[in-house]
Amino acid sequence: MNKKKIINDPVYGFINLYDDIIYELIEHPLFQRLRRIKQLGLTHLVYPGATHTRFQHSLGSLHLMQSAISTIRSKGHEIKDEEAQAAKIAILLHDLGHGPFSHSLESNWVKDYSHEDFSLMMMNMLNDQWNGQLELAMKIYRNQHPKKFLHQLVSSQLDMDRLDYLRRDSFFTGVSEGVIGSDRIIKMLSVHDDQLVIEAKGIHSIEKFLIARWIMYWQVYFHKTVVSAEQLITRILDRAKELMQQGEDLPASGPLKYFLEERYHNDNREDMLKMYSKIDDTDLSVAVKSWSESRDRVLSLLCNNMLWRRLFKIELQKEPLGQERLRAAREEAQSRLGLSRQEVNYFVFTQSITNKAYSSSSDQIQILYKDNKVKDVAEASDMLSLPVLSKIVKKYFLCYPKEYNLNL
Amino acid sequence: MNKKKIINDPVYGFINLYDDIIYELIEHPLFQRLRRIKQLGLTHLVYPGATHTRFQHSLGSLHLMQSAISTIRSKGHEIKDEEAQAAKIAILLHDLGHGPFSHSLESNWVKDYSHEDFSLMMMNMLNDQWNGQLELAMKIYRNQHPKKFLHQLVSSQLDMDRLDYLRRDSFFTGVSEGVIGSDRIIKMLSVHDDQLVIEAKGIHSIEKFLIARWIMYWQVYFHKTVVSAEQLITRILDRAKELMQQGEDLPASGPLKYFLEERYHNDNREDMLKMYSKIDDTDLSVAVKSWSESRDRVLSLLCNNMLWRRLFKIELQKEPLGQERLRAAREEAQSRLGLSRQEVNYFVFTQSITNKAYSSSSDQIQILYKDNKVKDVAEASDMLSLPVLSKIVKKYFLCYPKEYNLNL
Amino acid sequence: MNKKKIINDPVYGFINLYDDIIYELIEHPLFQRLRRIKQLGLTHLVYPGATHTRFQHSLGSLHLMQSAISTIRSKGHEIKDEEAQAAKIAILLHDLGHGPFSHSLESNWVKDYSHEDFSLMMMNMLNDQWNGQLELAMKIYRNQHPKKFLHQLVSSQLDMDRLDYLRRDSFFTGVSEGVIGSDRIIKMLSVHDDQLVIEAKGIHSIEKFLIARWIMYWQVYFHKTVVSAEQLITRILDRAKELMQQGEDLPASGPLKYFLEERYHNDNREDMLKMYSKIDDTDLSVAVKSWSESRDRVLSLLCNNMLWRRLFKIELQKEPLGQERLRAAREEAQSRLGLSRQEVNYFVFTQSITNKAYSSSSDQIQILYKDNKVKDVAEASDMLSLPVLSKIVKKYFLCYPKEYNLNL
Amino acid sequence: MNKKKIINDPVYGFINLYDDIIYELIEHPLFQRLRRIKQLGLTHLVYPGATHTRFQHSLGSLHLMQSAISTIRSKGHEIKDEEAQAAKIAILLHDLGHGPFSHSLESNWVKDYSHEDFSLMMMNMLNDQWNGQLELAMKIYRNQHPKKFLHQLVSSQLDMDRLDYLRRDSFFTGVSEGVIGSDRIIKMLSVHDDQLVIEAKGIHSIEKFLIARWIMYWQVYFHKTVVSAEQLITRILDRAKELMQQGEDLPASGPLKYFLEERYHNDNREDMLKMYSKIDDTDLSVAVKSWSESRDRVLSLLCNNMLWRRLFKIELQKEPLGQERLRAAREEAQSRLGLSRQEVNYFVFTQSITNKAYSSSSDQIQILYKDNKVKDVAEASDMLSLPVLSKIVKKYFLCYPKEYNLNL
C-alpha cells in the first residue's frame, strides 16, 4: 500500500493520509475501537446530533496537525520528516486510552489511571508490534523530545486536540456559538524560542477561541441535562459494582464484568490493559438494557430511567446547597419511590462542577509581535484581561428524580 | 408539560416540538431505542462521520412534515389540526421498526416481516398505551385515510422521509453531491386533486433531487466498500446462526440469542415483538467482539476481519461474473486460509445490486402548471426524460478476502 | 398583487414577503437606490467578498423582524397586526438615508444631518405617497409608540439591524469570527415590562454576540487597511470640494456636483433631499476615475492611488502620536512627492478611532430569569463583567503614502 | 514585497498568493477595474445577493488553479515552476476584458470584439509593462504551449473558470441547486496523453457538475426576470446610441460617450482599448439615473423602469411566438403608453435563448479508468447518455411592459 488515501469528513471536507504507517495504525483494532466510543458520551441525549466518535476526532486532529506542520515549515522553522510523522502519530493516538462514554465515566474503570495513562500504555503495545517505530511519537507525547513546540501541538492550551474538538463538537451538536476559525488560527501559528506562538494579527481569533471554549463548556459539556445524564450512568455503574461485590451475578460482557468485579486489583498490568481494550460504549449499553429487568429495585429503576430518558431533575446554582434542602428532597423521594435511606442516595445527591477559560500558570498562549517580542494572550488582549480569563467559576447542583407515571 | 420544546439539530438548526403527545412519544423507550440504531448501518466504516441514527432522522422528518403542512395550508388546502398531528406522528414513527444496522441486515432477523411491518406493530402497541390516540396516524400510514396526499407526505417518491435522509446522509457523510434543497422543494409543494404536487417553478429542484438521490445510491448506499462491510456482517450472522443450530452456545445478549436461535417460530407475535424491541446495534457489536475469540475458525476469522477492518475485496461490474472466476477465487482462498470447501463460501461469493432513479409506474412526482394541469416529472423535465430516469442499473459483484499478514 | 413573494438570500436561504405594501415599498426607487450603496463602503478593498449592499441588509433585517415578532407572539405578548406591519416597515426603511459608501463618508455630504435624519425625511416622503399608511412605522422608529419594545426591535443594542449586519458582514467578508447565532438569539427573545429581554438560557448566545461584535469592529470595521481606504476617499472628497470652491469645474454627475459645491446651504430641505436621493456609490466611482486625470496634482494623485489600490500606509497604536513623528513623515513625503506644505496634509495626517463592546448606560440588554426577575447582561454574565464590556478602547493612527514607482 | 499574502474569501475561506508578480498584477488598475464589474450583470435584481464581481471570480479561479496544479503534480505529472506561474497568470487575467455588466451587454460595446479578445489585448499591454514576463501565460491562454492540458485548465468544459463561477454564483445567489463539489473534482483531476482527465471514481461528481451547470442556466443565468432585465438595459443602450447619432447630447462619462458615439470606428486599436479599460458598471448606472430625466420619452421611460424595477413582463415558451401575438401586444402597449409604431419596438419584442449541458464535439470531458483507458463522460455515465447531455434546448420569449400606475 503506498497510495495517498482520502477520507471524507463532514467538518473539513477531506482528510488526506500520506504515510503508510498512519494508515496501518488506523486499521488496528485498538484504533478501530474508537469507532465505538462516542466523543461526548451521553451528550447526544440533549443534542441528538452528537453521535460522533473519538475515531473521527482523532482523524480530525491528525488533519489539523498536518496543516499546522505545513504552516510552521512555511515560516522557516525546521521540522524533519521523521518529526512530522511522529507528531502526526502522537496526535492520532492521543485518545486511544479513552474508556466507554469518554469523560462521563473516566474515573470509574480503574481508579489509578487516567485516559492519558491508558493511551500511553496502548502506544507502548503498538510500538512493540511496529518494532520501535513509535519511539519518537511517544517522546513527543511525553514532552521528552528537545523541540518542545511539537509537544505543544499535541498537548497545550492551543493544541490540535482542542482545535478539533471545539469545532467538531459544535458542528455535531449544532451549537453555532462554539464554532471556531481553526483555519485562521492554524495559519497564524508560528514558533519562537521553541515555543508555539500566534502571530499578533491572529489575536482576535484567539480571543474568539477562548470565548467559544468557555461557551461550549457551559452550553454543552456542563449543560445541566448532560450533567444529569452522566450522573445517572455513574450511579448505574456504582450500583452494579455494589451488587457484584455482594455476589449478585449481573449479565454483562466478559470485559465489563472484569471491571465491575474490580478483578484488575489482582491482575498484572498487561492483562488489565487487554481487558480494557475490549470494552467500549456498547458493552455498557447492552448491560443497561438487561439490567433494566434486574431483581434489584434500585438498579432496575436507574436503568429504566435511562431507557425512558427520565433523567434526574437538576438544580444548578452558584452557592453550595444547604443540607436541609438535600434532606428534604431525600425524604420526599424516599417515600414517593419506596426506597430505603441508603437506597435513596442513588437518586438524590449533590455535587459541583468547575471551570475556567484559560490558565496563565502553566503553558500560556503566547502572542508574537512584529518586533519579535511575545506576550501572554491575557496581557495582549484589549478585552480579555487575565482576571477575566482565569476566573474560576464553580457551580453546585442537586439531582433528584422527576415525577413520572410509573405505569404509563 | 405544555411548553414548546426546541431541539438543536446540526442539519436544520432547530427542531420545534409543539404537541405534548409528540414529546411523550419521543421519550418512550421504543423511540429512544432508535438512538442505538445507526441510520446507515456500517457506512461509517467508509464515511466516518456517518454515525447518525434513526432517532435523528425521525426527528428531522418530523421537522420537514411540520414545514410541509404549514406550506400546504398557506396555499389554501385544508389540513385539520387532528390530521396535522396524525401526519406528524405517522412520520415520527415510520422507522420505529428498524432492526440493528438498519437496512444492512433487514431480512436477517425475522424472514417474513419488513421493518415497515414492525413499525406498524409497534405503533399498535403505542396506540394501546395511549388509548387509541394514534388511530388516525396509523390510518394515514396505511393509506386508509381519505386525504391521500397526507399519506404521500409520509410515503411516496417525494415524502418527508426521503427529503430528510438524503440531506442528512449527505451532511454526515460529507458527500456534498447529495445535498438537496429541501427548503425549496417544500416551499414548492402543493396539492391538486388530492395528490401531492410540485409547482412548475420548482422543477429544477426536483431534477436536482432525483440526481442527488441517484448519486447518493452509487456514492454512498452502494459504495463498494459499504456493500462489502454489509456482506461481512451478514456472513457473521449466518455463521452464528448455523453454529447455534448445531448446538454451539455462543455468548450473546438475551434478545440477540432469541433471534439467532430463531425461537420466534414457536412464539406468539407479541412476545416476538417484545424481544425485537430490545435489540439494537449494540447487541451485535458486543457479540462480534466476543465471537472474535470463538473456537469456530470461520466465525472468529470473520469477526476479526470486522475488528481489524479487513473488509472483503470486492469487484463490481455490469455483467454477471462467470462461474470460473468464482471457482478460482474460492480455490485460492481455500488453500490460503486453510478452509474447507463449505467454509470458503463465507469468504468468497457473488451477488448483485440494482437501482433506478425514479419509477413512473406507481406514485409519480407530479408537476403542477399555472393553468392547473399536471404532468409527470419524467415528461415535464427538459433534461431527464423517462427512459433516463427509469433505467434500471444492475451491478454484479464478487467478494473475496484481502491478503493480509495474520500475525501482524 | 397579493401573492406571497419569496426572495433567495445567501445568508438565510429564503426571505418571505407577506404584505403588499412591503413589496411595493421595495420596488420604490428610494429603496432600489440601496442596491447601489455598499453595506461596508470600501471594505471590499480588504475583504473582496464584501460587495453586499444596504438593499440586502434591509431585507435581511426585515426577515429577522418577522421571526422576532412571531417568537414574541408565541410567548403570549400581544403585537397587533398593524403594529407588526409597522415594525416591519420601520426596520425595512431604517437605512434608507445612507449616502455613498455608507458610514465611510457619512458626515461628508451635509454636515448637519445623520443618515438617520435622512431616513426619517425619506419615510416622510413615502408616507405622503402612501397617504399616511406609514404613520405608525414612523412612530415606532422615533420611539413615540407606547409599546417601547417594538422600537427596541428596530433600534437598541439588540435590534434586528445589528443581528443582521453582524451575521451578513461576517458571511460576506468570510470572517468566521463574527458569525452569530441569530436564530437562537431570536428564539430567546421575550418581553418583560414592555422591555425587550433575553431568556436566561440564551445568555451565552448574548455573550457570544457581544464578543463577535467586538471582534468584527477590530477585524473588519476598524481593520487598519479599511480605515486607510476610508481616509483616502475622504481626502479625495475634501480636495474636490476645495477645488470646486476655488472655481475649478470638475467633471461629476449633477447630484454629486450639487453636494461638492455645497449648494444645499441656499436650498430648501425638500430640494436638497431630492438631490440626496439621487447620489449613490456609483457617482463617486465614476468621478474618481475621471479626476484621476485632473490637472490638480493632489487630486489626481489621490485618485490614482485609489485606482491602483496604493492605500496609505497606516500605523495604529494605543498612545497618541507625537508631533515630531508627524512632522518628520510630512517632510519626507513632501520632498519625495514634490508637494507644498499645505498639499502634504492630504497625504500625511493623524486621527483616532474608539470603540466599546457594550454600553450599560442607555438601553441595556436585559436577561430574564425564570423567577421573572431581570438583570443587565453585564451583571448576569459569569465572564463578561461590566468593566470588561464597557471598557473604551481608543486607538490613534498615522497615515502616510507608500513608496511606489510612479512610472511602473 | 516577498511575503505570502492571504486573502479572505467567503467561498473558499482563504486564498493564498505565493508569487510577487501575481500580487503586483492584482494591484494594477486594469485588474482593480474588475472590482467594478459585477460577475452576473443585472442578476442581483432577482437574486439580491449576487453583487459579487469579476474581481472575486478571478481570484477564485486562481485559487482553484493552484489546487489543480498541486494535485496534478502529486500524481507524477510534470509542471515546471514557470509553467505553473504562467497558468496561474493566464487564469487570473482571463476575464480582464469584460465590459460593464459582463455578459449582459457583451456585444454592445464594440461589435467585432468578444471579451476574450479584449482580455488578450490587455494581457499584451501588461506584458509590455512587465517586459515580456507574461509571454508564457499568453501562450497557454491561446493554446500555443505544447502542454495542452495547461490550456484546458484555463479554458475547456472542465476549466477552473467554470468550477469557480458555478460554485461562486450559487453561493451568492443562494441557489443551492448549483453547488458543486469543486474540491472533489479537483482531487480527481489527472493528465493522460497530455489531456486533462477525471479519474473514474470521480464520475458522479462530474455528473453532478453537469447537472448543476444545467440547472444554474435555467434557474439563474436564463431566469426569465434576469433575461428581462438584460433586455431592458440593452434597449436603454440602443436608444441612447440612436439619440446620440441624431445629435442629442446625453450626459455620460467620457469613456461611455466614446462608445455610445461609436467613435472607435475612426480610432486606432490602442486608443480604443484605453477608453474600453475606463468603463465599468458604474458609468452606466450613473447614466441611467440621469437619462431617467431625459426629454426623450422612450429613453426616460426605459430608464425609469430600471430605477423602479418595473421590468418587462416576459413569456417563455418552447415554440416560436406567432406574429399575431406580437402585433397585438405592440398595439396594446402603443395605445396604453402613447408611443409611435417605431418607439413601441423598444418595449415589445421577441427573442430566443438556447442551451445545452455538454458538447461532445470539441473538448470532451474524459474519464480515466484504472486500466489506463479513457472514455468520454457521455459514454461513461450510467445515467447521462450523450443524447441527454447534448440535447439543445431553445426557448422563445416575448417581452412587453407591465401595467403600472405611472403617477404613484
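Per-chain numbering from 1; labels A, B, C and D assigned in written order.
FYI, a contact is a pair of C-beta atoms (placed from the backbone, for glycine too) under 8 Å apart; a residue touches a chain by one contact, two chains touch by 3 or more.
Values in this document were obtained by computation on a predicted structure and should not be read as measured data.
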| item | value |
| --- | --- |
| B-D or A-D - the one linked by more C-beta pairs in contact | B-D |
| Remotest chain, subunit A as reference, centres from CA atoms | D |
| Subunit B-subunit D separation of Cα centroids, rounded to whole Å | 43 |
| Cα-centroid distance, subunit A relative to subunit D, in whole angstrom | 50 |
| Junction residues of subunit C - those touching two or more other chains | 13-14, 184 |
| Subunit D-facing residues of subunit A, complex | 4, 6, 13-14, 74, 183-184, 187 |
| Subunit A to subunit B touching residues, read off their complex | 7-11, 13-14, 27-29, 32, 35-36, 44-45, 47-49, 51-53, 55-56, 59, 129, 171-176, 251, 253-254, 278, 280-283, 285-286, 289-290, 307-310, 408 |
| Residues of subunit C defined as touching subunit A within the complex | 176-177, 179-181, 184, 204-205, 207-208, 211-212, 214-215, 218-219, 357, 382-385, 388, 391, 393 |
